[in-house]
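Across the two complexes that follow, chain A remains constant while its partner is chain B and subsequently chain C.
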Partner chain A sequence: MNLAQIFTDLVFFSFAAILVGSALMTIISRNPVRSALFLVLAFFAATGLWILLEVEFLGLILILVYVGAVMTLFLFVVMTLNIDVEEQRSSFVRYLPFAIVIVAMLVILMVYVISPGHLNPSELTTTGGQPVNYSNTTELGMVLYTDYAYPFELAGILLLVAIIAAISLTFHGKGNNKTQNPDQQILIRREDRIRMVKMQGDKK
Partner chain B sequence: MLENYLPILIFIGIGLVIGMAALIIGALIGPHKPDAEKNSPYECGFPAFEDTRLPFDVRYYLVAILFIIFDLETAFLFPWAVVLHKIGLYGFLAMMVFLGLLTIGFIYEWKKGALEWQ
Partner chain C sequence: MLFETILTYPATPEIFLLGMTCIVLLADLFIKQQEKKITYWLSQFALVGTAVLVLLLYNVPSTLLFNGSFIWDKTAALMQFAIVAINFFILIYAREYIRERKIPQGEYYLLSLFSVLGMLVLVSAYSLLTLYLGLELLSLPLYAMVALQRDSTECAEAAMKYFVTGALASGMLLYGLSMFYGATQSLNITEIAQVTSNLSSGQELMLIFGLVFIIAGVVFKLGAAPFHMWVPDVYQGAPTSVTLFVGTAPKIAALAMVVRLLIEGTPALVHQWQEVLILIAVLSIALGNVVAIVQSNLKRMLSYSAIAHVGYMSLGLLAATPDGYASALFYMLAYALMSLGAFGMLVLLSKSGAEVDKIGDLRGLNTRNPWLAFMLLLVMFSMAGIPPMVGFFAKLGVLEALIGAHMVWLATFALVFAIIGAYYYLNVVKVMYFEEPEIQYPIVNRPIINVAISVNCLMVLWLGMFPSGLIDLCRAAFAM
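Up next is the complex of A and B:
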């Protein structure tokens, strides 16, 4: 094991520690905004791990899409819901059975996937094997738009469905639109607004 | 390939050190004498009317989700642009169909008036 390998391992373990720590803080933090920000840190650490696995495009997309956009959405949702911290504390016991069921299902899935015969860790490709000019983006692009064109178009349809669903769920029409209409504003004439009234002046 | 990312790792390290050093030095050296008056919320001399954390309107959510969808679209455009000269007409047409689908969605939201701020 040479020095570069030791350094890579060191970087891997520090990113992994940050990932686990911030994921833990995400679920135990009382303040929902704070847990959302810890989730951002978890995404950053996951990006570091993915780049160590030499899938740079996915790592950068994780920052661009998840940190840049999905977390913005999460924060919007937190702000929209107006979550009360005290109320959250009292309902902890009430939601505990559901939490246990979900965690048990996740653990069973993980054990099933990692168990021998499904995903053997020794068969996975090791890191650090690619040459300097290797570009994960190029490799991905070569297959995504040719071999996987059909799933790619399906992704496009999913995005289209998401647009229509978001609009039909949250948009309630142009009802009380209070914006000004510049066309009508500049076309207004003096005669439309002012009416001159001849009045008999007071006699002295 | 990983050696290309070493400068970025160093940048992350320097950024962490500078960012945290300012906070830690400030917390260690700065005077820290809180009292009840200092910790109370100040709103121009009268007691605060309501909580600072007002719920947002759900319309922000619509803007955010439409932003995410077109953000994902650009994520798909990037590797396509990198390999455009290698994947030929088929890859080009695949992206045109994808963009066509999203243009339908764009026309829909434009005509529906979802992009207009009320």
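Up next is the complex of A and C:
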């Protein structure tokens, strides 16, 4: 095993540990804001892993789109909502034993299935070892609009549906909007709003 | 020449439906209209046009398109036609219901058109990627439609449950698909089927691990036990016009998912998925039929009956013979037709603000409107599996396939529970015919709606008396 291999392994395992740890903290953290921030950390760690696999474009997109846009919006929402954490914790503790049993079973199964004894690593193709002038972005662009044009279009329709669904659930029609009408505001006269009343002052 | 190319290009129905849906979207947004008449008629035109295109394409031989991620075959043609035709009826039934309850009409039509598009995509998907995208395109509008009646907290609760459990199921399915991709290194179902036919033991273990998650996700979408928890709550909580939508066509699309993933994708793992399906079928049939007996809410009762029917349908799948698959497809089409009739009737009876959703609400329906009562009687008899309705032949076909596959004990079990299940369907008939009505005034519907529901319910009878045509179509879909 040469030095480069050891270094790659080191980078991989540190990013993997951060990813698993922060994903776990996302779930068990008491404070929702902290959960969201741990999710951001998980995205960063995943980016590290992707760049290690030489898929730079996807890694950077993950940071730009998810960390930069989605999670920022998400943090806004979490901060504006007043979520009662204590109330949720009671059910959390109640279901904890079941959850631990199920997760433990799944983890054991998964480790068993993908252990080297069962899965021969040589059967899996590995990425990497691309020439120096290889561009991940170009390659993606080449297949995205040719081989994957149909799924790409479908994903676009899916986003359109998401917009329509979100608007139809939140928009309550024009009549209910409490907007200002500038025309009316300009045309207002003093007589419409203020009425002068003469009152006798109190005498001592 | 160009016209001829369009009419033989297998993706034309989807493209037409997408184009029409966008037109409906723009028309709904920019044309001022009374009671959304233009939106409604344009939506119906989109559905009819799609159905006609599917019919014209029926004889086009099986083809793969878009780099193998889209398939056109007899299965896809039959299912697509059924889905579009069912939705044509749904929009007729739902129109007055949603207008009376101030459910946003334009949004209802639009979201249902998008959902139909998702179903068509799912039915003819032949790669894991398009399959998943089709599934999401199907489900996302449904979540929103359940919540569309904004002033009802019940609907919001049902939508929340549906969304959370649906997202969980999608996650499980995606995890299973990733295992498939890891083991076979392909997203394409043709290639997956090739790879799985000669596997090393390590890869096979990984595939089976993924298969468990895929089955869990698929069974959730079908709404069978033990992943049935959402079904009664969503059916009961959603507005009846949306229950009508959720409970009919998406089931056919979910069956398509089973066909593509299990039957065509992993025929080499048949013994593994057969065992899981046996468990699912037994649980669904027992739980659905027994729990439905104690329900007083009609929508809830029909939801448990849906669980039981999906159990019967999966009996045909687990027989693992072409005849079995054909009988499962026949069962699903028959069930979708019966379910359309039953929920459609509930929508039609819920007039002027009064919701008909308890069994007691049907009291003395015979004196109030004898024809509608007779129609509902046909549907209930069919669901119970009484000849000469279509439900009888559906059950018969499934049991025949089971006996052909030497699983007599399972057939006996299914038969016993079918008899138990007959009780609650006949109870509805008893309430309709032999009990005194609480409200006396007769039920009057618009003539076109009466025609639609009559055609729907008489189809149940007609297909029961002359089932051979549909059976032949189902057999042709799975001809090897």
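One rule holds in what follows: the second predicted complex is superposed on the first by the 134 of 204 C-alpha atoms of A that agree within 3 Å, B and C clash if a C-alpha of one lies under 4 Å from a C-alpha of the other, contacts with A are read in each partner's own complex, and residues count from 1 in each chain.
Convention: a residue touches a chain if its C-beta (ideal position, glycine included) is under 8 Å from a C-beta of that chain, and two chains touch if they have at least 3 such contacts.
Values in this document were obtained by computation on a predicted structure and should not be read as measured data.
Asker: Who does A:Ala16 touch here: chain B (first), chain C (second), both, or neither?
Answerer: Once the two structures are laid over each other on A, A:Ala16 reaches no partner at all.
Asker: Applying the touch criterion given at the start, work out whether A:Met71 contacts chain B, chain C, both or neither, answering first, second, both or neither.
Answerer: Neither chain B nor chain C is touched by A:Met71.
Asker: Based on the superposed arrangement, let me know which partner A:Thr138 touches: chain B (first), chain C (second), both, or neither?
Answerer: Only chain B is touched by A:Thr138; chain C is not.
Asker: Looking at A:Asp147, would you say it contacts chain B, chain C, both, or neither? Reply first, second, both or neither.
Answerer: Only chain C; A:Asp147 stays clear of chain B.
Asker: A:Leu159 in the overlay: touching chain B, chain C, both, or neither? Say first, second, both or neither.
Answerer: first
Asker: Which partner, chain B or chain C, touches the larger number of chain A residues?
Answerer: B
Asker: Could you say whether A:Ile114 touches chain B, chain C, both of them, or neither, answering first, second, both or neither?
Answerer: In the superposition, A:Ile114 touches chain C alone.
Asker: A:Leu52 contacts which: chain B (first), chain C (second), both, neither?
Answerer: A:Leu52: touches chain B, not chain C.
Asker: Is there a shared patch on chain A that both chain B and chain C touch, and which residues make it up?
Answerer: Shared contact residues on chain A: 146, 149, 155, 157, 160, 162, 164, 166.
Asker: So in the complex, the part of chain A that touches chain B is made up of which residues?
Answerer: So the residues of chain A touching chain B come out as 8, 11, 51-52, 54, 56-57, 61, 64-65, 68-70, 72-73, 76-77, 79-82, 127-128, 130-138, 140-142, 144-146, 149, 152-153, 155-157, 159-160, 162-164, 166-167, 170-171, 173-174, 176-179.
Asker: For chain B, which residues are in contact with chain A within the complex?
Answerer: Spelled out, the residues of chain B in touch with chain A are 1-5, 9, 53-62, 64-69, 71-73, 75-76, 78-80, 82-83, 86-87, 90-91, 94-95, 97-98, 101-102, 104-106, 108-109, 112-114, 116-118.
Asker: Note which residues of chain A are touching chain C in the complex, please.
Answerer: 109-110, 113-114, 118-120, 123-125, 146-151, 154-155, 157-158, 160-162, 164-166, 168-169, 172
Asker: State the interface residues of chain C toward chain A in the complex, per the touch definition above.
Answerer: 18, 25, 65-67, 69-70, 104, 107, 110-111, 114, 117, 121, 127, 129-130, 133-134, 136-137, 140-141, 143-144, 147-148, 150, 182, 185, 200-203, 205-206, 209
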